[in-house]
């Protein structure tokens, strides 16, 4: 294996790795200033992002291309590699990098007294590296190992404020459920290996297309069990119900910037893993498989998986929304909302058509900005001394109109109000579901009804922020202040980094919301390639 | 030709932004924008090319059409397409008039005036957009765009239970929009329409089989119906109206309810003829239910605004009935009724608002005999009530007459229901006037004085239109007739 | 060339998985949880190994390679788990996972 | 070959038994002992499957390193090494869940030949070829994972004095 | 002719001015001149139709419903009957306006009064000269509105505003039926009419086309439909003309100023119902069933209202009941097919009833009460008024040669002539004849109570005297008309006008050829009534019915108007309002409650579901494993079953 040919396409990853090493080096040199280390992370992700965007074929950056156009979306004939560059993978790489970029940009404004900048940014970059590798995986084991890179990094990220018991508890919970899921994933992979004799996703796809009798044809139960284990294992990352319970506690307990990364980044990786793993059986395994040892009917594998995923999707949306309804804490409410959003995204792979995948991808793109931005904003607001409860946000909209409007915009986008990116993505996603016809229309209806339900709690936050007066500050004894003065917010805003990140979020939410053609066009063509890829 | 529609949208958008930013001078900016809006609508009228006999527009029957690519995917063609025909033009006129009247009426708004007037203009923009949009996504976008300002208008400037009302309004209408959206999407994808454009949907949806058409129609009907509002999905309306500030109520009753009816005509009745035909019994049933329910409930209300709100349900029920008749006369009646109800309910809500400002309560039972103290206000209330109960020479009369005539033509003796309800309608208005305006004075605060000039002016604008179109309904009818509705010549 | 009952291996790995899961569900001591997870992990590794050796399927060395990688991964995972548990123990003085319930509802 | 089958049955029984014992005994140090036996037992199974390289790896990594790591964990988190765990019931629900999972997975055995079949054996060189050449990226990934683990784990357990 | 409308509207503009009353009178005078000229023109040239019309709105022809298009027009038509009505409206209108100057001078709402009265005159004129049913309805509603305003003129009085509301509502019931009637006729005649005309739909409901009745000879079509249409028109007329059972509002309408009662609720507006029936019967035609029904309503109302007038102590209400009763005669005539005879009675009745009201108004103006039992002996101080009232009474009682005799006699005679052909008319004819006696009795009971005797029974009443010329001129003029109007029947031109009003339909009436025996009988009955009144009430006597009398319950029944109003009130207040309350309850608690129920259910569900977030990680692991098993179940059992069943997505 020629090193240069191996390293060339991985330039973005290498840039990140270099960033990590630089950060660790500076740590050793006792240069631990947040701004310095953070800038390195921002720069690294920024550069990597440029490379990825260039690889996607965005002409202004053509100079930065690291991949010849021919090696994107290649066709295989025998000899399946462990990794392959797909347009959709590149799109996801860009999304992941954007998420990391946003988080590290915002984290530039971390409070000075907070320690652990090197480990924070180092792990952030490593986690991102794992995500980038997930995006190019072509092999199940490669995929799972890459996921583990991110998983371990995120366990540690969640617990990196090691003197915060909430944070450590979150890390512990995430670790246990994560390790369990990993085990289940590998177990599933082993079963699939037993059935197919390979763990390569494209090989499995080819077996399905060629209908050689291996895999689903010969070992229907093994295949079904294998995919079942994999679905459950990956559902951990994607926070599907009922595998979501950890997420709420972890999103709540983790440092909020890390939460933003979890919600905006690593969870999306789980969803993309779903795309990678399940697209082949859903679309290409035409082998008629006996449904189970207990029934004699012969059914196709694809619809069976689709129905299962549809149930999971509906369950995820609904439970997430219902639980968010009564939630009193802002972060937990956002966490539940994030869970329900995962349900929408799952619709994409459930439907399995290129439009649906495009819709889901756009939804994921939107979610990075909406939810990531929201958590970043929550982190900034809590730095002002605003408590964790939604009610603590009373009157914020009128006292800090800019922050209030930005947050309102994110919430409206999550609720799917037009002229926001959240609307466009849901519109495309549900359109695609309707376009696929059949029972997917019901999926679209369930999704839309759920998004209606979600309006309840988003609107509640808006109400608290804009229509209610701030509660009187618990006054220090002896101070004489008239009546019901709201708590005094610190002068200044979020700090430049965070303000820039939130500003970027707002711009994207509105810009893509108003004119989505550019993003949507790229995503659509990538999804189309992805569906046809290697076939 | 000038892209007049886009210019108007841009004007309103820019006006809204300017109003938001203009602080204390917001009302002047808003007034300027409203006047500009009216002038642009006047220009639209002048350049309207859909008059009978003309067929040169981009989409047949639509004048001033514009279309630009927006989202073009292999399977989804969304354009920015706008255009007007007679029906939308009539409602656009209503929008412009109500916008101006609301701005004038709310002249003294002191609670964050910039935001208030901005939101009023934004509502106007949304409604204008709905009436001109010829693309499903664009339509839905404007449709939803109306929700947000109204949510804030109710939620921030409203009465004591404003938060509840705002939330209820938002959730109800949002759920409805969603069902409507699914319906519209399904129409596109099931019919194999090449784009989201009205023309394309119109051309292909009619070819769908009757059964899917029926399902789609019912979905759309639910979506539009909640805005109507149809019984039993109406309970958001009284709450929203009662809690909304006067300007909000005016726009809510005058414009928002019309969106549902307009949507039903444009996006359901026209493009799903067989579905419409099959669903007619349902529509009739709901229409009669709404008519009866609205007026019977009006009888039992003590709150002036609530009374007017329920009477809106009744009136919109007649609109629905007229639409459901599936006849040209019915359609004309429906649009006339919409226009009339927009003006008249606006007037009535303004009156109720003034009653509230002047006497501190809207409870009909606790205030009475106000006429000697506030003759101008009483006159307005009387004008509004009499117009609303369908008195000749006022705007509702030709509309109701046409509607009832059309009902007779279509349904024969069923017309007894709306006819009988006319008596009940008269009863609750008369009863309200008897208690509020006449009789011995009671419950009038010492400081109460007649309405200020701007409230009078706001209502005066509406009264002027009430009388103008009451005497010359032909102006509107000629406009409506020029629309490419089925059964019309040249369609 | 040895003959072995492949069915038995399937049963064994299923049983080991069940034992691991049972441990994860019932044990409260974090270290026991780690052990349970590793038992289940070993079930997966065992799967890879015997499927690699099973002639009935499509045999290949890949399975053994995977097993090698997974053995390494398992050890790393335990190390990270231990790091977390040590930090938690330092802060809370317990490694009973049922006592760490600050975050709930 | 009947001997190999008998050996397999014995090893399998020992594996299950030690696994269960490791989880159920109340003395934590005994747990470690049973775990060690479990890992060794699995190594023996790998030898039985003619995968000697893996067997050795299992002995070295699991039976050696991991066991020591776990023992170390117990020593650090315990005031006294030989303290007993509180008795915890088996719990019907977890037990049921585990059994049902077992049943589901075992359901797949119907798809395999019920009698003993010949297994393939491989040359360790071929294994290393496979491992380092074709599937080299796996090892790179494993390296990355270890990089993450080492950096993070050290930071986490370090007595924070910065 | 539209000038009338303009005149009326102009009147309303001037309401702010102090001398607005005079301006209004001036306009009314102008209207009078025009009206008289028009009427004279019509009388001098019977059979002339003047028709002018403008399109209100129109729809182009559409293939389905209206192949010839659809049109609504506003037009004017002067034909004999509208000329007759025009004369009534303008004459009485002018006189009442003049009279009001003094009668109302103390009222601060004077400008409003004149504005509303002017508007009324305009609307009434418009109604009379309408050339189509749609326009007819338009003005019909407008006069109803004016009536509403004028009844509620003293709006501070709760009884007045209540009466106004009642009047509007009850007539609204009639209006609704009228509207339905219009629709029914429209449906029947939408394509009927002269060839090529396109029918009613394309011609805006017009009666005439050029000089021809538009629908001449088109009677026919669906007879059931036409019957129902006729019933609906009758309902409308019954509402406006206070016929049984929609008569309840008219007595209460006496809450308005007496002048208003005289003009609107005696002479003009209430007659609009009869006018409507006449127009319909002449131009559209009634079926035999309708005719019988109209006759029945007329006959019943005649007698029924008269009985109520017999016992009432309020001078205005007595006259009001008398109005209802007299309107009954007109309806009876129209129903029997003698529309023009009815209109003739309408014509004379307008004058003598206005006279009666204005006289009563003068009395009320003078003594400040309407209670007959407080009055008495006014004959001495109010000579002109007493005489005027007596003339009116005699006319009403049908004593020759007063106007009432001629017209009422014509009615009785004409109907009598039809009895052979329509035996079913008999009972109603008898009721009508009995009404003659009652009429004479109650009106002279009122006269005797008010004017005879020596002094007022209530000594606290102010000293009464005759009013000034502004009030007496109308009284005298109307007296003259009450005496003389009946003689017009002997003028051939007028007779010709009446005959020609029939246009093409209808039965020739019996002008001048009345059965002498019948005339004599009716005069005798009238005389007997007067005699009885004199016997019971003459010379200041007060007849008190003994408490033990067997007819005491009857008296109570009559005083309480047969409990019909109470019944209606009960239906309105208790029945409908209770339904409304119940509906409100349903709305708030059931419909909204369902919504809130959903909300609560979600909340409860959410709360229950929240518990699974226990914070114990082992539980979370259990969910994972449970979820795993659930996924297996789905994958292995549920999904294959579904796929096999429906064939997959």
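As written, the chains take the letters A, B, C, D and E, and residue 1 is the first residue of each chain.
In the analysis below, a residue touches a chain if its C-beta (ideal position, glycine included) is under 8 Å from a C-beta of that chain, and two chains touch if they have at least 3 such contacts.
Quick caveat, the model's predicted, so the values are computed rather than measured.
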| item | value |
| --- | --- |
| Chain whose mean Cα position lies farthest from chain E | D |
| Chain pair with more C-beta contacts, C-E versus A-E | A-E |
| Chain closest to the assembly centre - both centres taken as Cα means | B |
| Gap in Å, rounded to a whole number, between the CA centres of chain C and chain A | 26 |
| For chain D paired with chain E, centre-to-centre distance based on mean C-alpha positions, whole Å | 101 |
| Computed distance of Cα centres, chain B from chain A, in Å | 42 |
| Chain centre separation in whole Å, for chain D relative to chain B (CA means) | 71 |
| Sequence positions of chain B contacting 2 or more other chains | none |
| Set of chain A residues in contact with two or more other chains | 141, 145, 148, 152, 155-156, 159, 162-163, 172-173, 176, 180, 184, 191, 221, 225, 248-249, 292-293 |
| Contacts with 2+ other chains: residues of chain E | 610, 613, 615, 617, 621-622, 625-626, 628, 632, 636 |
| Pairs of chains, among all present, that meet the touch criterion | A-B, A-C, A-D, A-E, B-E, C-D, C-E, D-E |
| Residue numbers on chain D that touch chain C, as the complex places them | 1, 4-5, 8-9, 12, 15-16, 19-20, 22-23, 28, 31, 35, 38-39, 42, 45-46, 48-51, 53-54, 57-58, 61-62, 65-66, 69-70, 72-74, 76-77, 85-86, 88-91, 93-95, 97-99, 101-102, 105-106, 108-109, 112-122, 126-127, 130-131, 135, 138-139, 141-142, 145-146, 149-150, 152-154, 156-157 |
| Chain A residues touching chain E - in the complex, by the definition given at the top | 172-173, 176-177, 180-181, 184, 221, 224-225, 227-229, 231-232, 235-236, 241-243, 245-246, 248-249, 291-295, 297, 299-300, 302-308, 311-312, 319, 322-323, 325-326, 436, 438-440, 453 |
| Residue numbers on chain C that touch chain A, as the complex places them | 13, 17, 20-21, 24, 30, 33-34, 37, 40-41, 43-45, 47-48, 51, 54, 57-60, 62-63, 66, 69-70, 73, 76-77, 80-81, 83-85, 87-88, 91-92, 97, 100-105 |
| For the chain B and chain A complex, residues of the former touching the latter | 69-76, 137, 140-141, 144-145, 147-148, 151-152, 155-156, 162-163, 166-167, 170-171, 174-175, 178-179, 181-182, 185-186, 188-190 |
| Of chain A, residues touching chain C in the complex | 141, 145, 148, 152, 155-156, 159, 162-163, 165-166, 168-173, 175-176, 179-180, 182-184, 186-187, 189-191, 193-199, 214, 248-250, 252-253, 332 |
